[in-house]
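Structure in structure tokens, see below.
Letters are used for the chains, namely A, B and C, taken in the order the chains are written, and counting of residues starts over at 1 for each.
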Amino acid sequence: MDIEVDQEVAEQVTRTPAELMAVVEALTFVADEPISTKVLAEVLGEDRESIQAAFEEIRNEYDERGSGLQLREIAGGWQIATRTELHEDVRKFLRTRPSAKLSLASLETLAVIAYKQPVTVPEILEIRGVQSASAIKTLLDKRLIVAKGRKEAVGRPMMYGTSKEFLVQFGLKDLSELPSIEDFEDLVS
Amino acid sequence: MDIEVDQEVAEQVTRTPAELMAVVEALTFVADEPISTKVLAEVLGEDRESIQAAFEEIRNEYDERGSGLQLREIAGGWQIATRTELHEDVRKFLRTRPSAKLSLASLETLAVIAYKQPVTVPEILEIRGVQSASAIKTLLDKRLIVAKGRKEAVGRPMMYGTSKEFLVQFGLKDLSELPSIEDFEDLVS
Amino acid sequence: MQQADPEQFTFDFRESTAQIVGGTSEDLKIKIGDFAGPLDLLLFLIKQEQANIFDIPIARITEKYLEYIRLMKRLDISVAADFLVMAATLIEIKSKMLLPRDPLAADDEDIEDPRKELVDRLLEYEKFKSAAGMLHERIEIESATFTRGAIESDENNAEIDATVFDILTVFQKIVARHVDEIKMEIEREEISLADMIKTLQRRIAEIGEVSLLEFFEEMHSRRELVTAFIAVLEIVRTEGVKLTQKATFGDILIRKV
């Protein structure tokens, strides 16, 4: 139902270039992962060329006003990040914070892997509904997940599962200690 | 230790106003919570007036270029957030629904606590004319209120007050931003 | 809104309010969920009767108030003790006002109006009710702004600020996103969520504890199953019930708190 409504709205909406820039900037800001022009074009009901143009325009604007932020193209998407030159101040500031929070994207990805392992990237995409590439990288970096061989399917995608480090970090003896969601799962799979 | 290092660095650094704006913007962006001028002044080794001026300048800049983002003063600090008008697109993208509404009972209880804090359960009952236990539980669960010690009275009842989260959720700089309760008398017929 | 059943009332659980239409009184239309307490109900009745709050027609208002309480009882809606306390207060004030004035008392001035304390409370309460309205507006506006998506912070920091319950909660939310999608489909179907909720409520009321496994097994189709699942979520959300599970992967019991 939502989707129908969305498309309806999308057809009606005509945004000025400035309005489009504003909404593209806002969505890039709230996204956990680099966001692709394709995804944005779909969400906003705009064509990819307009989105691409908006991104480039925003990037130029950030650069021209010497903002502390930059819009950068990365991993097939766009992302707002702090300007590279400021990294010393940023690092110093981040060090003052006590413990590292996992982003919601990482936490979601970890949850899917924990409960569905071994699981492939396309399967995670299917469940979460969004790309999880950088979240998977983070989880691998933090050694919370490990590769578990390849699936015997088209493209032989890599399968992932949780690591021993995962059990340690979350205080679990073994995976059977994970709280059960089995009953809910049956209804929606 | 950190602070010593900061001061050392601070002595060497002299930033132009534009450079200060850039670094203030960057740190506000990476901070997980609204960040106060005080903290930033310490981290950057600048005086609070300069930081305050930088914030105000950045806010104006965001507003003037019709950015999809806004810099706002909230809960004793500054925070970058999406512009309110864009909430429909942002919600659609994040697949979130408007957050669960507080019931009338919870809102009333919260109003009593906000204006009468620190306040005990019997005092809330007196004003509302109805038991508020479940509303108080809801508000505690949502972290909108916190316990503020016990009252030196018969039974030493627990006292409650609003939390920092309350300020954030209700978009208040501090409690003094709440309209005075007497202002509502005019509305009472 | 569903159309009225024999009892002439309908529940809209989305709003968690109940609307009563009809009853014996001519045009008594009340949304129960709209009343945050007895003072709130009293203010409503005073406005409905277009009475002056400083000169409350206590007999009429008391009558209306009691009528409302009786209606609630007839509809098996549990009447909170606080509503009954207020009923007693109203009756007491009413009887005081009926008492003949003491002829020995000097002037009217010296006699305290029995309604005074109630009026003071109403006026005080109404201020906070207005303040609650202001808070409501504020949070509506505030919930329309969003902060940035999380950035993975310091890579050197091995500590992770999350627990296994965060993982479960997050996973349930992902699952719930799917449920939302399915829910939207079924809203056009004939199976009514309201009916499912009523069935489940009745069952809980009758036997106190319902096995979700058994309840789900009774469903004939996938759609019914999903509706039943959403009904459980709704009841858990809107009512004082508790889900308990004795063993991992075991059956879940839903019971009154």
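The definition used in the following text is that contacts are C-beta pairs under 8 Å (C-beta built on N, C-alpha and C of every residue); 3 or more make two chains touch, one makes a residue touch a chain.
It should be emphasised that the depicted structure is a prediction, and the values quoted were computed from it without experimental measurement.
Relative to the centroid of every protein C-alpha atom shown, the closest chain centre, again from C-alpha atoms, is found for B.
Chain centres were defined as the mean of their Cα atoms; on that basis the chain farthest from chain A turns out to be C.
If each chain is reduced to the centroid of its CA atoms, chain A and chain C end up 38 Å from each other.
Between the Cα centres of chain B and chain C there is a gap of 28 Å. Among the residues of chain B, those in touch with two or more other chains are 29-30, 32, 80, 82-83, 90, 94-95. The multi-chain contact residues of chain C, meaning those touching 2 or more other chains, are 146-148, 150-151, 153, 177, 180. The part of chain C that touches chain A in the complex is made up of residues 146-155, 157-168, 170-175, 177-182, 184-185, 187, 212-213, 216, 225-226, 229, 245, 248-250, 252.
Of all residues in chain A, those touching chain B in their complex are 2, 6, 18, 21-27, 29-31, 43-44, 61, 65-69, 80, 82-83, 86, 89-90, 92-97, 101, 129.
The residues of chain C lying in touch with chain B in their complex are 16, 33-40, 53, 80-83, 86, 121, 123-136, 138-139, 141-148, 150-151, 153, 177, 180, 240.
Every residue of chain A that touches chain C in the complex is listed here, in rising order: 1-2, 26, 29-33, 80, 94-95, 97-108, 110-112, 114-115, 127-129, 138, 141-142, 144, 169-172, 176-185, 187-188.
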